[in-house]
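Have a look at these structures, which come just after this line.
The two complexes that follow have subunit A in common; it is paired with subunit B in the first and with subunit C in the second.
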Partner chain A sequence: MFLDPDSKWAHRLNPVLFLLPALTIYIVFAIYPTISVIEYSFTSWDGISPDREYVGLANYTRLFTDKIFWEAFRNTFVWSGVIIVINVGLGLVIAAMLARVWKARLLIQTCIVLPVVISPMAVATIWRWMYQPSGVINQMLETIGLGGLATPWLGSPEIVLYALALAHSWSTIGLSVIIFLAGLQAVDEDLYEAAKVDGATPVQAFRYVTLPALRPVTAVVFILTLTQSFKVFDLVWATTKGGPIRFSEILSTYMYKRGALENQYGYGSAIGVSLLVIVSAATILYMQIQNREDR
Partner chain B sequence: MMKFLAFGAAFGALVALPSSLLAQTEVVVWVAGEPGQTTIYDELADTFNADNPDAKITVVKNSSDLFNPALVPALSAGEGPDLFTFGTGPGQPAALIAGGLVADLTDSYYEHNWGETIPEGIVVQTSSDGKLWAFGSEVETTGMFYNKAIFAEHGIEVPTTWAQMEAAVAKLQEAGYDTPIGLGAADKWPISHWQSMMFGRYAGPEGIEDVLFGDGEWTDAPFVAASAKLQAMGEAGWFGPTPVAIGYGELMDRFWAGEVPMTFTGPWVIGGGIEAAGDRIGDYSVFAVPPFEEGQKIHPTNSIGSGWYIREGSEATEIAVRFLNSMFLDTKGRVALLNAGTVPVGPLDDALAQAEMSPLAVDIWKTSDDHAANGTVPAFLDTITPGSLTTVSYDGLQALLLDVMTPEEFTSEMQSAWASSKAAGEIMLPGGIAER
Partner chain C sequence: MYGRWILLFALGVIAVLMASPLILTVFTSLKPSTELVNPAWYPPLSVTFEHYVRVWTDGGFSRYFFNTLLISVIDAAVMIVIASLAAYAMVFIEFRGKLALQILFLIGLMIPVTAIVLPLFQIVRSFGLLNTHFGVILADLALAVSVFVFMFTSYFVGVPKALHEAARIDGATEFQIYRRVIMPIAMPAVVTTALLEFLWSWNDLLLRLLLLTQDEMRTLSVGLLNFQGTMTRDVTGLSSGTVIMAIPVVILFLFFQRHFVRGMTAGAVK
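Coming up: the complex of A and B.
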């Protein structure tokens, strides 16, 4: 199958041959559908008719005047912002604390990472049950004397988005912690020793040693969290379907409603492409800021 | 030698015979339902398969949420099910028909005398351009399910006037029931059951038809009044302090557990209720919501929830039709449907004589029959109107309950979506099939 390593073309063709199976799968299941969605976004298509009418940029201009799109757009940014703060910020703090804890570390680590392997639909079911007005969370608040804080979590327009973001973070923060932990293990202990000799407090050591050393890892966690949070669909759909009204409508649920439920596949595709552009732009922007600071 | 030849011939015949008999045609049938959950269609398919060795019906279930999004691409790819259930009426199937994805069933209608079973009113909703596109098979209704034990405990009689209804709710609230009428509005669609019933009560059957098939508008006075009434009931706490925070599943659990005294729903909950309530199922019954206003009539809700379509180009059309006949025309199938709480279209006398319907199912249909002479209205407007209107209705109904939208704004948004769908030609204009 592969060329003789000594042959003239081997060093050029063998890597390609090795890559071919994975590349084929990637092209069929990622590149081709993406290109198709971009193509559909320039059409008016109900997803059924054999003919797709080319409408140019009409779907994109419609986005600008669609108030629900902008509601979903705003919600998506709030949603992602909350998740990034929790997964990157809290994830880093938890990892830093875990790195210093030896007793029961494996147990704590397992507890934090376990939700990552639970299917999103199961996560949705668990949290939908917990967030019921008579659910576990409100009951717990009553028990500890904080009954005044009990609220209809999924029925409150002001709270629902944050409540769902918390549920999403619960199920994904474990991955951030693991990546940060791996990064922390690579930090040279001599740097901490030197900081200690210079009289640095643990907080100062964290600020001036840990954080700079973890910059590349933070970038990875940030981008992973960002892309993950933008493409969430199942958790929101299975709990609120974007409600109450549209207070938890994010771009992915809006895309599904317009495309799959209302048979506006062209317009739904335009929403999908806008989502792709936003995530790509945010990622590039973040990488550029990182690179500039590194220089 | 002769013996040997005879044995050989007999053996050859035996080998050849089963192979011809075993040449089965598979008919893939898609129905809405939770995967893994048994429905009556599994039982009907098993019976059909046993009676028809040349056919194999395979029933595939998909949850309601995902059913249409999975069906449409499958049909478009020419690989969808041979037979499937889908919405009827002026909204949802229009695109499937226009796209040439469903078969014309007019020939089968005449060949198998479907007209003797399917009422004309249902044929009107499943046909266009003189052709029949779906077998409108079942009748659905909705009613107020209530806990007789709770009513008796608090000395409440079944209300027949709105004043009595208000008194009953007040008494239940005083007794500590924070949710006198369960709604499960977090899932949005349960509110549309109230909407369909109330729109029908306020506008009457003619008023609804005028919008669906005529020049009527959702902004007409009866629809605004109905929306205002629903909002007022929500504000008065009839559906509990936070109806939009509770999902339908959780609500039904509370209803069957005896924590919620009433809920407005349909016969499809009876199977789950028997499982959940066990011996206490006798505590439950159904009544018709009393007229909301003085002089208003009770119009029972009556809909064909969905119709059965055959994919255009299916190679199993003949067997699919045979399966439809066995389910909805043969007495055995009709009895099985009735026993499962599903009411097939057409005259029921023969089937009812053999059926063993649950008392709750009998109650709800009796409630419906008692007022049928007043004319019926659709039970599920959301399944017979286009998807874009459904989205607007669902969101708007939650907005009404949260008091962030006025009834006028709600009906105006509905009308706007309806007008857009009409302009885009997403509305089928039914009208019966051509006479032969």
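Coming up: the complex of A and C.
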């Protein structure tokens, strides 16, 4: 950096000096752990003892026969599925509505996007409180005469996963709405005019003009929501810790229990690798779609 | 034009529904304990700040708050420097192995933090950095740096090459060009990076839960989690703690909404 800019050494050293801080931290604390998690997954290490024993694929064969793993696996997909339906479906509808409105648009948009910046930990506290047996939601249901629907939301096996998915969607749908809005602004206004001239109703215009034009954006939101929801740990851990029993157990909470709490580092890492594989595959897909769009 | 009004009404309902969990939390945090028998959507009839005071002093939230602030500010500041330096080299300096480096940074976009926390814990421990803010900061930086390297890269690519050339001909070193020519015009990328990294750092639970086990080192996320575990029935305390955690980011969001929106869409992969 302080060398004569035209010297040969400056040319060699410059890129090194500029890249060194970022690269060092990145390799030591991100790349190395990624390689390690794969390595750990082939051991029976407990996370403490100095030597680790390699056990080949034993952890992975155990995964295949572990009923709890498959439950967590299934739950993760159900959880993701629910969130995708809400964030993509409802997100698109809200964005399409918002795009037609000028009055109070900023205010409405702010209300919808604001939860995105709230910490999952705070989201967990808020929704745990609202879902309590005597909480706001049950109070509301009783007030409007639907007291029969009142239930301990986070305590009931059939509902807990959906209840948590709703809380997650509340705090993330704003992002889908923003991305859809940006996509909608790029749709050619002339197409709407043409549809109007042809006598199309607003719903028909949405069906035959908006939806086809938004297909690439929809794919982006879809995969984004998928990867985001697969990575969730904080919200579930801070509300139910995977319970009651295993009804809201997802891959990340199961990994944390086995690995960090029970010191089964090898097995926990194998669960981590399964998460890594799914999320990376989805992210690669996401980047390819984005690339195709940029072109 | 009834259609417009129906649309506006429907959106109004959605907006109220979206805002109500936050509003109700604020209501509860301001209610005297005697008013808790009222339904949650009753606004506080007389406002009290006693729960905030209680949580802030006895609940230890003042310490959690400043721990969180310290980590988030350092995270954001260091991130701006290291990510922009790296992106500068990637865009303006010729060297071999650039493509390989690009792919290396690309991998960072695909790694879910959740999947690698177990070995990350071991590495932080082997450096003797468990229970230090420094350890958390290093982990935060590592896990988000690729997002911001790409953010700066895509910004720098739009800067006319002639600007860089001209400064070179004038005899400026690369570092001088970075400091005096490129960074001053990269302010939008700097602001986005600062806001987004601050936000992520402020909000994270998992890494802090794992890496900070002593109470005096803890952040708001871990503090709130423990408070929730031990004071499950303390509704007013919990809502005050939640508001304390949410307020800084909400204020930032209201002031910099446009930057946030742009940053979150660009950095959405993380």
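As a convention for this text, the second predicted complex is superposed on the first by the 248 of 295 C-alpha atoms of A that agree within 3 Å, B and C clash if a C-alpha of one lies under 4 Å from a C-alpha of the other, contacts with A are read in each partner's own complex, and residues count from 1 in each chain.
Here, a residue touches a chain if its C-beta (ideal position, glycine included) is under 8 Å from a C-beta of that chain, and two chains touch if they have at least 3 such contacts.
Here the structure is a predicted model, which is why all the values come from computation and not from measurement.
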Worksheet entry | Which of subunit B and subunit C A:Lys231 touches, first, second, both or neither | second
Practice prompt. Check whether subunit B or subunit C contacts more residues of subunit A in the superposed model.
Written response: C
Item to complete: Could you say whether A:Trp129 touches subunit B, subunit C, both of them, or neither, answering first, second, both or neither?
Response: both
Discussion item. Quick check for you: in the superposed arrangement, does A:Phe18 touch first (subunit B), second (subunit C), both or neither?
Written reply: second
Worksheet item: Which partner does A:Leu63 contact after superposing on A: first (subunit B), second (subunit C), both, neither?
Response: neither
Item to complete: Name the contact category of A:Ile178: first (subunit B only), second (subunit C only), both, or neither.
Response: second
Worksheet item: If you stack the two complexes on chain A, which partner ends up touching A:Gly155: first (subunit B), second (subunit C), both, or neither?
Response: first
Item to complete: Could you look at A:Ala260 and tell me whether it touches subunit B, subunit C, both or neither (first, second, both, neither)?
Response: both
Discussion item. Tell me the contact category for A:Ala200 with respect to subunit B and subunit C: first, second, both or neither.
Written reply: neither
Practice prompt. Would you sort A:Gly47 into first (subunit B), second (subunit C), both or neither based on which partner it touches?
Written response: both
Worksheet item: Intersection of subunit A residues contacting subunit B with those contacting subunit C?
Response: 47, 128-129, 237, 256, 260
Worksheet, complete the sentence: Interface with subunit C, subunit A side, in the complex: residues 1-3, 5, 10, 14-15, 17-19, 21-23, 25-26, 28-34, 36-37, 40, 47, 94, 97-98, 100-101, 103-104, 107-108, 110-122, 124-130, 135-136, 139-140, 143, 170, 174-175, 178-179, 182, 202, 224, 227-228, 230-234, 237-238, 252, 255-256, 259-260, 265, 268-269, 272-273, 275-276, 279-280, 283-284, 286-287
Practice prompt. In the complex, go through subunit B and note every residue touching subunit A.
Written response: 65, 68-69, 72-73, 75-76, 95-96, 98-101, 186-188, 241-247, 250, 386-388, 390-391, 394-395, 398-399, 402, 404
Fill in: Sites on subunit A touched by subunit B in the complex
46-50, 128-129, 131-133, 152-157, 237, 240-241, 243-246, 256-257, 260-264
Response to the item:
So, in the complex, the side of subunit C touching subunit A is made of residues 3-4, 7-8, 10-12, 14-16, 18-19, 21-22, 24-25, 28, 39-41, 81-83, 85-86, 88-90, 93, 95, 101, 104-124, 138-139, 141-143, 145-146, 149, 168, 171-175, 178, 199, 202-206, 209-210, 220-221, 224-225, 228, 235, 238-239, 241-242, 245-246, 249-250, 252-254, 257, 260-261, 264-265, 268-269
